[in-house]
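Below are two complexes that have chain A in common, paired first with chain B and then with chain C.
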Partner chain A sequence: MTTVALRWVHRNLFAKPFDAALSLVVIPLMAWAVYAFAYWVLVQAHWQVVGGSFKVLMTGIYPADQLWRAWFSVATICAMFGAGLGLSVRPGRAALTVVALVVTLTGVMVAVAIDAHSGMLAAGSAALGVAAWCGVHRSALDQRLALSGLLAGVVAIFVVLSPPGFDVWGGLLLSVVLTIAVSILTLSFGILLALGRQSRITSLRLISTAYIETMRSVPLILVVYWIWIIVPLLAPDTSVPGLLRGMAGFALFFAAYVAEYVRSGLQAVPKGQIEAARSLAMSSWTLNVDIVLPQALRVVVPSLVGQILDIFNGATLVFIIGLTDFLRAGQMILADPQNSGRTYEIYVFLFAVYLAIGGVITYASRRLETHLARGSR
Partner chain B sequence: MNAIQVPAATISRDVIVGIARLNKSFGTFHVLKDIDLDVGRGEVVVIIGASGSGKSTLIRGVNGLEMYQSGRLTVDGFDMPTEADREIGGERELARIRKGVGMVFQQFNLFPHMSALDNVAIAPIRVRGHTPDEAKANALRLLERVGLRDHAHKFPDQLSGGQQQRVAIARSLAMAPHIMLFDEPTSALDPEMVGEVLDVMRGLAREGMTMMIVTHEMGFAREVADRVVYIDHGRILEIGTPAEIFDRPTHERTRTFLSRVLRH
Partner chain C sequence: MTTQIVEYHSIPPARRGLLIASKWLLQAAIVIVVAGLAIWLGLAVREALARKGIQFSFGYLGNVANFSLSEGLVPSREGNWLVLELFSPTHTNLQALLAGLWNSLKVALSAIVLCTLFGTLVGVGRLSTNWLVRNLCFGLVEAIRNTPLLIQIVFWYFAVVLRFPPANVASNWFGGLLASRSGVFFPGLAISERAGVASWGLLAAAFALVAAYVVLRGLRLRLILLAAAISALIAAAFIGFPLGLDLPVATRFGARGGFAISPEMTALLLAIVVNSSAYVAEIVRGAIESLPKGQWEASASLGLSRSHTLRDIILPQVFRIVLPSLANRYISLTKDTSLGIAIGFPDLFNVYGTVSNQTGRNLEGVVIVMLTYLALSWIISGCVNGVNARVNGRRMR
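Now for the complex of A and B:
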């Protein structure tokens, strides 16, 4: 391993003629940093801590004998993601090869880090995602049907995960499920707010505008915390789990931003489109759902996907209401004196996972963007 | 609103569009002044006039895209809801009228996120409740009729202007309208594409479709029109057969207008 790294450094440091003074400084510095990091990753780091606490990182304090529920969710999320990909990206040979490689690698890594059983489950889930990708692409599934499938998937995840109680959800699973659920809630509520802000009914317009402007002028953490403490006051007899309260806070906050994105999209739809739809006797509902929103949304897809990333990254804030998200789970592991020297390993792992997920989401949005640009003027 | 159905006695059966003493203003700007015009079943009425004279406003009023302040406008025997009616929910009455009125715009206004086929099929599915299968089969028939069967799966940005306008005509026809409105359907087209659109419109006229057409194509107007209406500054100055209007205009203004457009 050392020799590989050394050879890499040799080739890049000394094989090139240095033509600029800048590269004299920058290249060695970067090479040194990369070398040092690679050396640390490959030689010095004790990655056992990640394998040993994998369950906590992924699911927090979710009961160990109920983990099949978590695996069900992983498989469902993979299938949903694959299906979403199938709507926009053709499963070409190159892409499939890369994905197959990643799937195998993930399976092997999980198998090595934990056990063969988990490795197979991980690889199986990923394979399911690939199958959904190819299947959806081949069948040219209707977008409405895909959307219903997505909703059904999210509901299924909640139904399957909830029996041990919402309070035990944690880790990366919590972050991801929260992001998916909040994104869906946010999008639907945000669209309604945007339409409300454009409504001819004055009271609706005022309420929507006031709501959007208020939410946009306060910090996320405040809204989340505020919803968390106010729900028990409003409904003293019922106990709404902290997770659901947290989700509500996130959704209420981000919906205001979605509303603004959607509004800019709505304004980009030419007036002639609305007149054409009206002259075909379309109702306001049809006009919005079939003509205006599809055109408005595709303009703002990049912003909306960026928003999903914001939600995912913002989900780290749920620790303030006592939930154990991915980042918090990492910190919990470090709180164990046994792992006190493993700070860098955990944080590098967290960083890598956040980076990978962020990268995948960004990539997906780019593809979606090109796909949606189809047929635009 | 509740008395949308017009008493049978007031309107002859064969009048599809009845316009009486219609007035329309944009704010303080009086656009349409005391318009009187009846369009009979199967009739082709061509509206001509200088830019800004109110042709678009008049024709758009017939399917409620513009509202009027006073006078009377009936379509298919239904009273067009006034501005006040719409405030309190005249949209449904409006939709009922619009089902029978097709409209073709200067800028085509095809839905850019749908294929030509879906553009034609969407309204019958969503508005008339047809099944997607029957709507698409019918859409294919209509696209064939406008000579675009082979382009059914293309998106609007893959079609030429003339082709887009023909899809737009098919889209309107899919609702099986009793009357078709055309607002300068060829004005946004390159000259070599004007003919293909006019051919489709000629076909419609031959089949007895009732049409109101705003156009600057005077040769076409002379050929298909049963009556030509000349509008000047929001007022109907002359109505007559093409021969009357084009060959023996009674008003000096009409003569001036015609000499100006015919010279081009």
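Now for the complex of A and C:
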């Protein structure tokens, strides 16, 4: 055993003089950093601040007596995520074990941080997600049905969450709902733009290209801020909620990026496919919807999933239009003089949550890539 | 016997004309619809602004700004000379925007240089033979790429830079670098009074010689040029060196002397450099892995060490491959400087916000800012394309 370990250490850490020198520098540094961080996390940090402000972090200023609406959304999002997984990833025994562990851990942590009731609700939502994963995978639902289910889920979330008003949405819930809604909007608009850029009609091509290139060279924050400013000028009599204006800005911006991904997929479709479809006298609608797009989108699904992460990360910019997203909620808590010494606790918590969500999305994107690559040999 | 073609397929002229006409009609319809939309948008906004008593014009750019910025240089006329000076409230709105642009460029250019260096290092580190270094680099890159840039900026500002010690107790590192919560101070270059015309001349000669050394690649005796440059420098130092080091000295609220970077810029620069380095590292790693394995094997069989292979065989080829991806990274990095508004760094977007709040002129401002960012993107991709053509053109010959 020790010889195996020693051989591994020799081969991987001390193979050459340079490697040995690097190891001798890095190992003590790493050990010190890990020790200091672990000591801080376990001994010094006051995690009560996170537990005490959990509601604000997760839902912002959403009214406390309406929280069942937020829980409904959490459950729906879990189910939607599970169904999405079920379309592509097989629920293997190892994956299910890991997920079950994570679910239990989350439930226990939420229960400790707030109360047992919330912990059970969180674990129940996650279990619903796992059930959706297994169920969709078993029954091999048609993909179009899954897509309409996804749309129905988003509509349901909006309908249930909106009665207290769009202005009170906040926290992590706002970030996630914004990401989902914007992803769906950008996908449709982006596909249209990509088709426009590939079109044989010159004017359409020029306009789409100009739109895409302009959007790709200005910052997101400028677009979001500007849409937020300009909508009240265009519709002076109605008051469009800031959240919807923000969504429009995000969708207009990210559609240009989606369009570029979709275009790369369109270019990957062999020309013979289009020629064959034309020679069968297909109309251009049938040609695009039934022949070109299914093949093109299949290629770019991993990039599109990565794009969701970009949208989620970009959602932090809603602070510019006065919305309270996850990051902003954390800053609001720190603005309270009572919590002024808890900077590191809050930021480490925010980082951990962002990293967990980002890690899951990146992992899903990579799994999809290998999953889809298997089919096209 | 010959077969006669009795029937052939062609589009009759009338139908052909109809097809062409319909194609043009479609084109015209699309143009009219989009132009109509744009005009309606413009008119509606103009009308809405007119109701507020604001007319679309760029005249406000010449008005006095009446607000102050924490940093930023502006070009300003002094007699017949155009000089750079610190922005002050008596400058015009246009100069305020220019100061914002100056700040954005300052961060963007330094970040471009630094992230290329660190990114290449980390990218090579991800392929290190040392297991620990390899996985450390992987973990860092993934952690940075999977979290929002904004939280990184805010974290660097509130949790790191503002937690530096106050200037009067700040540590002095390496004889002059001073890191405090009121900014980071580097030793600067200062012109010393002892210098005469002769020493200035010698310094200029040394620079000219070094430039000649760099430009005249083909010359056999160019080592002599380098030797002459060094001797000119030594002579200049003996006569009285014209340039001296200006070390920062900590005071109660900051530091005097040296070259100062504000805390906002420190945080923004740190965040953007760290963030972009992770992306550059991925680009570099991908490029190294895309090179044919034969390159490594061939140089190994020639007895080159791994570090020599990397430096002389791999990286020069990687440099050619990565340029287009790097250009994209540089463009997004430049756009990312607009997030400085979250920590109060007066970049172009932040100044635009202030100006339009003061004057109510959003529309004109957005046109200016959009065109500026468009121009910046074009300049960056133009520069990188130029380098790309030079580098890859040489390979063709």
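A few comments on the model shown:
Definition applied: the second predicted complex is superposed on the first by the 353 of 377 C-alpha atoms of A that agree within 3 Å, B and C clash if a C-alpha of one lies under 4 Å from a C-alpha of the other, contacts with A are read in each partner's own complex, and residues count from 1 in each chain.
By definition in this document, contacts are C-beta pairs under 8 Å (C-beta built on N, C-alpha and C of every residue); 3 or more make two chains touch, one makes a residue touch a chain.
Not measured: the values here are computed from a predicted model.
Once the two complexes are overlaid on the shared chain, A:A276 sits against chain B while remaining clear of chain C.
Touch criterion not met for A:R7: it reaches neither chain B nor chain C.
Contact with chain C, but none with chain B, is seen for A:G359 once the two complexes are overlaid on the shared chain.
In the superposed model, A:P219 lies in contact with chain C only, and not with chain B.
In the superposition on chain A, contact of A:S284 is made with chain B only, not with chain C.
Shared-chain residue A:G314: touches chain C; no touch with chain B. In the superposed model, A:Y344 makes contact with chain C only, not with chain B. Of the two partner chains, neither chain B nor chain C is touched by A:H117. If you count the residues of chain A touched by chain B and by chain C, you find the higher number for C. Contact residues on chain B toward chain A in their complex (touch as defined above): 63-65, 91, 95-96, 98-99, 101-103, 105, 107, 109-115, 122-123, 126-127, 155-158, 168, 171-172, 175.
Looking at the complex, you find that chain A touches chain C at residues 12-13, 15-16, 18-19, 22-23, 26-27, 30, 201-204, 207, 214, 216-222, 225-226, 229-230, 233-234, 236, 309, 312-317, 319-320, 327, 331, 334, 343-344, 347, 350-351, 354-355, 358-359, 361-362.
Taken in their complex, chain C has these residues touching chain A: 23, 26-28, 30-31, 34, 41, 44-45, 48-49, 51, 128-133, 136, 142-143, 145-151, 154-155, 158-159, 163, 306-307, 331, 335-336, 338-339, 341-342, 349, 353, 362, 366, 369-370, 373-374, 376-378. By the touch criterion stated above, chain A contacts chain B in their complex at residues 270, 272-273, 275-284, 286, 290-291, 294-295, 298, 374-377.
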